[in-house]
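In what comes next, chain A is part of two complexes: it sits with chain B in the first one and with chain C in the second one.
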Partner chain A sequence: MEMIIIEVLSLLFAALRSATPVLAVVLGEIMTQRSGVINLGVEGQMLMGAMTGFAVTAITGDPWLGVVAACGAGILLSLVHVVLVLGCGANQIASGIAVMILGGGLSAYYGIPFVGEKINSFDSFGGSGIGSIPLIGRFLGATTPTVLLTLISIPVISLFLYRTRSGLHWRSVGESSEITRNLGHSPVPYQFAAIVFGGLMSGFAGAALAVDYTSNWVEHMTAGRGLVAVGLVIVARWNPWYALPAALLFGVSEALNLRLQSWGVDVSQYLLATLPYLIPLVVLMLSFRGLKAGGGGMPMGLKAVFTNS
Partner chain B sequence: MNQTTTAATSPITGLKRLLNGPWTPAAIMVLAFVAASMAFFAINGREPVGLFFEMVRGGFGDGYSFSETLVKTSPILLTALAIALPARLGLISVGAEGQLYLGALFGTGTVLLAFDQPGWLLMPLMLAGAMVGGAVWGIVPALLKTRLGVNETISTLLLNYVGILMVSFVVHGPWKNPNSLGWPSTVEFPEGAILPTFFDTRVHMGLVFGIVAAMILHVLVTRSRWGLGLQVSRSNPRVGATAGISYEKNVLLVMAIGGLLAGLAGIAEASVIQNRLQDGLATGYGLTGFLVAWLSGQHFLRIIPLSILMGGLMASADSLQLYAQLPKASADILQAVLFIIVLAVGGLWRRRTMA
Partner chain C sequence: MKKPLSILLASTLLATSISAMAETKVGFVYVGPKSDYGYNYAQDQGRLYLEEHLEDVETLYFENIPENADVQRVMERMIRSGVEIVFPTSYGYLDHALKVAEKYPDVHFAHSGGLKTSDNLMTYFAEIDQAMYLAGIAAGMTTETNKLGFIAAHPIPQVLRNINAFTRGARSVNPEVTTSVIWTSGWSDPSKESEAAEALIDNGADVLTGHVDSPINYVQVAEERGVYSVGYHADASKFAPEGWLVGAVWNWGPMMVDIVESVEDGTWESQHLRGDLLTGAAQLSDFGSAVSDDTIAEVEERRQMIMDEEYQVWAGPITGQDGKVIVAEGDTMTLQETEKMDFLVEGVEGRLP
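Now for the complex of A and B:
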């Protein structure tokens, strides 16, 4: 019995670690979409964050500087989406894909010298006394600062969104930029902030992946995590609290993928690697059912993007 | 006197008319792209003007480089059609990459099953297999959309990764050539499964498929009842339904046709370019196709020259890598820059003409 509990717990914490980068992107994208803007460019922003964070950590030896630089890189790249969507009125999906290609290209180009480099990553909390708590301790001890920071941002974001005046405006912009305008507020500053916040979170997510989780940089290493996250925003119904279980879907699929191999299950690793895409897709199918029926919490301003029929 | 004033203002109004014409934004886009790519070279410490002309030469300089451009054009053209056709119904599919891989997968599967058949039988079977594979990867997101309302952009993006992994699975697993010394690929295709090429170059039938398909689609969409139906369905599915046009059926149809075209691109790459199915078959063509479809304004005939231009950009990136040691990723960066310029200029121009 205890064996099973330990196995389940270790799977869950492994899932949490691999879910963290996705969770950060989901949270950022929730904020972006709450203002009525969708940004598929998070995939490219994540790659830029991963490369920049890894490079800065490799050069300075300080993973914290890497994380800060990664956030900056994500923000910079998200400004392209700001200019195209808010400045030029370009199609949001097309602009997002342009940002995605740009981020992939720039990170591959400037990341070449850092491929195969070794870095000093974060220490886990294992040595700080948490590790000595019975049963749970050894798992809690395995968590790292980026996991904790991402988890803390959940209540912070929901406090802002649901309990502050700015949060109310933010949400109303996403529901109807027209009504917001009629009430005398301009939607543009909110959408600007929303896209930039998405850039910050996806840049951070890149660092959580490359600096913390894998301590490694390979071009296109995010492998669609950003795009999975955009899908999971729908599963999370644009609610920061639901972002955690939604991101864990990806985390569990990935942890399961690794775990099944170590259990000696004789399935090709390539087929197992489809799980992190297929499982979110299947849950997405169920979510869209609810979406079709009652809206499922979708900001009305996104209707034009999602139900183009 | 009246006449003299009109005569005096006519050059100015003529110029104004010219500046407001449809070619102005295109000219701005071209100039901006030339400037931006030179800036990119300069930022990276290269001599900008010379390298730019080197790039043009790399794509269109001589017979050989132009033939390599056309080799790259084929998959771009076919995947662009796979994006543009659904777009005619208002769908934003990004699934051409996965459809390309599925086409290569099913086509290769057919070749392996009918390995010893003569070419006249093997070739059509292979192409049919590829079309079925691509179409399946178009129909899945189409069904998800019509049955469950799943947004096609997100489902096609996720299915791309699944398609690529499925090819990895077969070339590392069941279809792996045991004599390939650890290199993950299938056995070499038999002679009868290699698509014909032209004039001693690698330019192959895929290009012909793409051009013919573009022309057929253009006629169908602009001249036929079905094409008119797409237009009606796109602007208002309910009105379409009262006229007996099923939006759902059309979603399935355009996604399936788009998928089968991308599938053809996939098997052509496997058959002619690689002579086998292997990992990393044609990474990135799907997104380039998406870009071309957008550049063309989802116009099938414009897709043909734009695919050639984009093929030139990709071919010249290969030669720049060789001669100027510019990393391959520079092709992605230049593509993205072009896309951004087109979206920015196009968006601003639309805003200006509407105001």
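Now for the complex of A and C:
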């Protein structure tokens, strides 16, 4: 029995580890889309964050500085989306793809000198006494700061979005920028903040991946996780609380893909490798009925992006 | 999506690296970044060796070129700019290189790891599985759980050879040993490789190795979790000062010098050139401090036997996963057979996809 509990716990914590970078992007993108703007560039912002975070950690030896720099890099790149979408009124999808390609290319180029560098990453919490808690202690002890920070940001974001006046405006901008304007508020500052916040979270996600989780930098190391996150925003129904189960869905499938192999389960690795994409897709399809009926929580302002942009 | 930029960068490199003074221009094409600390890094070290040791040679290179028609355009562009010897260094470049070779009969091609040749295309590779076999011996003598872990990208012959050689080496000194394999379905996905390493260790493996683009990820996880690691492609000992055992690494430089010199003096021939431990194209890295003196002595003795050709890695009996004899006692697999390997040996856990 204890063996099974340990197996399940180790699967759950493995899922949490792989889900963390995705979760951070999902949270950021939920906030962006809640203002009526979609940003596919998060993939590129994540890569810039990963590269910058790794580089700064390698140079300064301080992973916290790396994380801060990664957030800055994500914000800087998201400003391209700000200028194109808010400044020039460009198509949001096209602008997002441009940002994605830009981030991929820039990070690959500027990251070259840092490949094969060894960095000092965060210590896990194992040394702080948490590790001695029976059963779950060894797993809790193995978690790292970025996992905790990402989890803490869920209630913070929810409080802001649902319990503050600014959060109310933020959401109303996403529902209809016209009405917001008629009420005497400009939607632009909110959308600006929303895109920049998405940049911060995806930059942070990059650092979680490169500085904390793998302690390694390789070009295009996000391997599509940013785009997966944009898809998971729909699964999470634009709700920060649902972001956690949505991202865990991805994390569990990825962990399961690898663990099933180590347990010797007789399934083709190619089929297993599709799990992290297949399972969210199935959940999306199953919840589609609900989505159609109640709008699925999609900010109405987003409709404009898909219909007449 | 990364192509336009890399081609732009590569063309600036192209412009600066060719000088009119050179007599022989040699071009390299890499499938990944030359700084990947793995396969492409090793090939590029060969290119640098070539530049250093042959004064009349100029080199240029293109990175991140996918294994499709793009590589043909890249090679043609190199040739039009005066390149006389082309090194298409990735396995999947072979058919494209053959097409370009037919179009430019005066240019010489040296493809890495293929099994086809033409009038002006040869192949070169090294039997690095000899080094993996020796590393397997070190792993088999060091493991306490008798479980080894192998993180593999794709089930191509080169990868299967390494899994099998590593396992056979380990079982030659410790028949209790099994190797668990996890496939990541990609040459470079750090997050997946780290998680695969965690899964193997959770499952009891206490020596990790692998065949993905760079050994950094699994070596780092192994060190963090306090287990041993064996590197591949490049020496990653600095990432695991405690748990590093040994690694199998490439040394392409001297072989590339031989190929270029043979073109220059007219002795070039269309052939499958293969290096090994003896020629030095495949090598065993230095041992880590975790390896006992007994283990080192055993590995060195077996290395000498392989170098003296008293022992061959692919000599029978070789038993498959299902217990059936694949190579009978007294028989040895030929080069062609090993380079088309499509089975896993007894002692490997995990299936061929």
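To be clear about the criterion, the second predicted complex is superposed on the first by the 297 of 309 C-alpha atoms of A that agree within 3 Å, B and C clash if a C-alpha of one lies under 4 Å from a C-alpha of the other, contacts with A are read in each partner's own complex, and residues count from 1 in each chain.
In this text, contacts are C-beta pairs under 8 Å (C-beta built on N, C-alpha and C of every residue); 3 or more make two chains touch, one makes a residue touch a chain.
This structure is a prediction, so every number in the text was calculated from the model and none was measured.
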Inset, instruction - May I ask you to decide whether A:Glu219 touches chain B, chain C, both, or neither, giving the answer as first, second, both or neither? - result: both
Inset, instruction - Tell me which partner A:Leu227 touches in the superposition: chain B (first), chain C (second), both or neither. - result: first
Legend entry - Touched partner set for A:Ile93, first chain B, second chain C, both or neither: first
Inset, instruction - Kindly classify A:Gly184 by the partners it touches after superposition: chain B alone (first), chain C alone (second), both, or neither? - result: neither
Inset, instruction - Considering only the touch criterion stated at the top, classify A:Leu209 as touching first (chain B), second (chain C), both, or neither. - result: second
Inset, instruction - In the overlay, answer first, second, both or neither for which of chain B and chain C A:Gly116 touches. - result: second
Legend entry - Which superposed partner A:Trp263 touches (first chain B, second chain C, both, neither): second
Legend entry - On chain A, positions contacted by chain B and by chain C: 101, 104-105, 108-109, 112, 219, 223, 268, 270, 273
Legend entry - List of chain C residues in touch with chain A within their complex: 1-2, 4-6, 9, 33, 35-37, 41, 64, 149, 180-186, 188-196, 198-200, 202-203, 213-214, 216-217, 220, 234, 238-239, 349-351, 353
Inset, instruction - Provide the residue numbers of chain A that touch chain B in the complex, in ascending order. - result: 40, 80, 83-84, 87-91, 93-95, 97-99, 101-102, 104-106, 108-109, 112, 219, 223-224, 227-228, 230-231, 234, 268, 270-271, 273-274, 277-278, 280-281, 284-285, 288-289, 291-292, 306-309
Legend entry - List of chain B residues in touch with chain A within their complex: 90-92, 94, 144, 148-151, 153-155, 157-162, 165-166, 168-169, 172-173, 237, 247, 287, 290-291, 294, 327-333, 335-337, 339-340, 343-348, 350-351
Legend entry - Interface residues, chain A side, partner chain C - complex: 10, 14, 17-18, 21, 100-101, 104-105, 108-109, 112-113, 115-116, 118, 209-210, 213-216, 218-221, 223, 225, 254-255, 258-259, 261-264, 266, 268-270, 273
